[in-house]
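Going by the order they are written in, the chains are A, B and C; count residues from 1 in each one.
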Amino acid sequence: MARVLIRNLNKMYDDFHAVKDVNLEIRDKEFLVLVGPSGCGKTTTLRMVAGLETITSGQVLIGDTVVNDLAPMDRDIAMVFQNYALYPHMSVYDNMAFGLKMRKVERAEIRKRVQDAADILGIRDYLARKPRQLSGGQRQRVALGRAIVRHPQVFLFDEPLSNLDAKLRVQMRVELKIFFNFLKTTEIYFTHDQVEAMTLGDRVVVMRGGLVQQVGEPLELYNAPVNRFVAGFIGSPAMNFAPVRVSNGKDGLRADNPGFGIDVPAEIRPRLQPYAGRDVIMGIRPEDLQLANGSYPPGLCFDAMVEVVEKLGPEILLDLQVGEQTMVAAVEPNVRAKRGDKLRFALRPERLHFFDTGSEAAI
Amino acid sequence: MAISEAVGQRPFVRAPRRGVATRLLEDERWLAAALLLPTVVLLGLFIAYPFIEGVLLSVTDTKVGIPGHFVALQNFIALWHDSIFGTAVWNTFVYTAVATVFKLALGLWLALLLNRHFRGKAFTRAFILLPFIIPTVLSTFAWKWMFDPTFSVINWSLFQLGLIHGRINWLGDPNLALISVIIVNVWRGVPFFAISLLAGLQTINPELQEAAAIDGARPWQRFWHVTWPLLLPVTMVVVLFSVIQTFADFQLVYVLTGGGPANATQLFATYAYQVGVGTGLLSEGAAISLAMFPFLLIVVVVQLLYIRRVEVH
Amino acid sequence: MIEGAKWRRWVYFYIPLSGFVFWLLFPFYWMLVTSIRPDRELYRPWMAPNYTPFWTAHPTLVHVMDLLTETLFTRWMLNTLFIAIVSTVISLFCGVFAGYALSRLKFPFAGSLGAGIFITYLVPQTLLFIPLADIIRNFHLGDTPWALILTYPTFLIPFCTWLLMGYFKAIPRELEECARIDGATRWKAMLYIIIPIAVPGIMSAGIFAFTLSWNEFIYALVFLSSAEQKTVSVGVTSELVRGDVFYWGQLMAGALLGSIPVAFIYSFFVEHYVAGLTGSVKG
């Protein structure tokens, strides 16, 4: 068991700067998820931690050892690959035993460890099969089993669920969650799927363009994103953004868009005051847009026209036209709305986000 | 649940120390060097070195057992005025051009036939390759026997069919010998063309053919506008290989005619053999061989450029 | 294909295909018939009224027996077999390593080395045989099997390398990376993971290389001189033709028997062979 420390990590490919000054600490026995769109540098970071890619500058420490110059085999890590990377010519047993054989573990010990792992993962009956005879979920379990028999310091997961179909993915996500809770070891999980990140991670790291955007617990990222990118990336359906002009009105600070205007709630006013007379970006999550009834203060309400109704079952998504702006609202499933309806919506004031137009940082 | 047991909690251990060789071979560059070493040594020793040796030999007057002196380009100048060499060059070009055209045409035809569905297709395909895999020299002897003026089964057949009235001296008649040799070369090469082009045909999506058919294209138009352009890259590579092999051919002619009659079938390679090994004029033989090189180089460069152009588009 | 009337299928398909099959296979039939035909029938001119070309009424094994007892034919077969096997093994050994390095490792000059090997793939044997004979003599390899065992790889290695590069490229990178994280060195990952997966490709390359070395002629003709060192092709050519007397019965029997090992291997591995053939021309 060990912590992993990443210090000022950089990767340059010729003239492309793929990873820029990444600093991360993965605590002992912590489950850290790195999430970001493809090309954000997370895969390169992963490969540098694993030793598959040379490090341009900076350090990776596992335990107290700088592993920059250690071959992957000497880093004492295990990795589960996106396509599982099961050796097609070996049986499930041999797949799981390969790492132990390479490390010259005794045969009896190998047998015991493989069988224990197979029991836990429920693949004992498949040990003699070849990978191509297994279903996607079973392959996934073999890949996990191959990682755990090694007793490594650190587990790395490279998008392990992205090859599964949607239904199986949800099921495996739950299984993984249970599994990790018992595993109690240091794990770094890489994914582009923010739902996986939110549901699995103790802490989540959001990356973009080779830079770390934000590190924090899942709800921290959800409730207090540090910039527009994180705000838009975390949460589904994504946060609505609308440009607004901040101005001093007769009742205090106002934020106006051609389609709507609101009174800035008192708690945000001090932060937004310096932006008076300038444009900022307002963000509001779909679930924080609600159908207005009389109890809402009129300064937080606006009218919108329904463009599309998506009935998902537990909720209904309404694609709205608000002036020139499109927004999505998630409303209760009992709401009856159809295309062309004019409805009045209210914003939840404590759930409003504002971002600087230039830097896109949260205000 | 015994996961924590299976995962085996244990304290951190330091990485093992590795030997120098292991660490070097973990470096891609060193590993690549080690893996390529045997190949580079063998190819260097028996391709690059002989090539240089050949160039050096061709500018001396070395004969078997007699060390030579530097004579500059005398061997090449002598070749320039050598009428047999001229014949050999001419023959080689005719042989290569005619044989390649026929191999391509017949091979393509055969490939198109084999691309259909019929019973015994795999079987037919397997048997059709026989001329290509059976050692050339051995199958060529069968042809030599079939071409024998006195005992020729071909003559007998043509006579019985009423197509000829006297005997045909396939290999002995200077006007016919080159044609006969080309027939055997085409016979041997067609399977290679057919099977390679068949593989190319099989990569073409049949939906394209069907789409063209629905658009009203006739079979010939479908071939010309759909199949042929898609097959062109494979065709070019196959032709490249075949041209080089045919241009440098030796064994066929050596067995059938030995270059005769009266040098009517003399090629670069057979002439080089005759002069260099038969007569023992090593340096002249080397010069004749090397004279192939510029032609081969042009063929390779032109074809590679063309292939690249086709691939780009 | 779009089906037409029956006669069209005959004219455009069955007749041409039968023609091709007949033309391509007849010489082998002719070999067979000649090798079991007694001499008195063999040397009967085609104009003779009792010339029966396509069969024989008196089949005999006398040519085969003569070939096996009075000539060094079995010796030539063994020579050829030995040379073909050893040179194929050497070429596979080199080709697997070189193909792996060129297709899966990053190193300086990889591109130019690959191009260099491709160029040697295109060098015909007839370009270099005279200086090579000189070199073989200097190395004191003349008239030994090693003269061929060491020179055949010059055209087999480029072929094997080129073919195997295609196979290696198709293997996902993750397999190897996973093995390396699992505790394998690069070398072991290649040995235990990549090479076993490429076995079909290695088989194709090996079978093709074997037939190529069995087929080779000019090096064997030039580098070997004594009768007992010769390969089948050269032995048949030089020892069964004395002056301008051709022992046709024996020649054809020799051609037939000399083809058997190649045909035998080919018949078992047709698919591998075809894969090798078509893989070798993929640019």
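In this section, a contact is a pair of C-beta atoms (placed from the backbone, for glycine too) under 8 Å apart; a residue touches a chain by one contact, two chains touch by 3 or more.
Only a predicted model underlies this, so the values are computations on that prediction, with no experimental measurement involved.
S.K.: From chain B, which chain is the farthest off, judged by mean CA positions?
M.R.: Of all chains, A has its centre farthest from that of chain B.
S.K.: Which chain pair racks up the highest number of C-beta contacts?
M.R.: B-C
S.K.: Quick one: chain B and chain C, Cα centre-to-centre, how many Å?
M.R.: The answer is 13 Å.
S.K.: Averaged over CA atoms, how far is the centre of chain A from the centre of chain C? Could you give it in whole Å?
M.R.: So the centre of chain A lies 57 Å away from the centre of chain C.
S.K.: Among the residues of chain B, pick out those that touch two or more other chains and give their numbers.
M.R.: 26
S.K.: Give me the residues of chain A that touch two or more other chains.
M.R.: Those would be 71, 75.
S.K.: Enumerate the residues of chain C that touch no fewer than two other chains.
M.R.: Residues 185.
S.K.: Quick check: in the complex, which residue numbers of chain C touch chain B?
M.R.: 1-2, 13, 16-17, 20-21, 23-25, 27-28, 30-31, 34, 42-47, 51, 53-54, 90, 93-95, 97-98, 100-102, 105-108, 110, 113, 117, 119-120, 122-135, 150-151, 153-154, 157-158, 161, 185-187, 211, 214-215, 217-218, 221-222, 232-234, 236-237, 246, 248, 251-252, 254-256, 258-259, 262-263, 266-267, 270, 273-274, 277-278, 280-283
S.K.: Provide the residue numbers of chain C that touch chain A in the complex, in ascending order.
M.R.: 172, 174-175, 177-185, 188, 192-193, 196-197, 199
S.K.: In the complex of these two chains, what residues of chain B are touching chain C?
M.R.: 22, 25-26, 28-29, 31-33, 35-36, 38-40, 42-43, 45-47, 49-51, 53-54, 57, 106, 109-110, 113-114, 116-118, 122, 124-139, 141-143, 145-146, 150-153, 155-157, 159, 167, 187, 190-192, 195-196, 199, 213, 219, 233-234, 237-238, 240-241, 244-245, 247-251, 254-255, 268-269, 272-273, 276-277, 282, 285-286, 289-290, 292-293, 296, 300, 307, 311
S.K.: What residues on chain A touch chain C, complex-wise?
M.R.: Touch residues, chain A against chain C: 50-52, 71-73, 75, 77-79, 81-83, 85, 87-89, 98-99, 102-103, 146, 150, 156.
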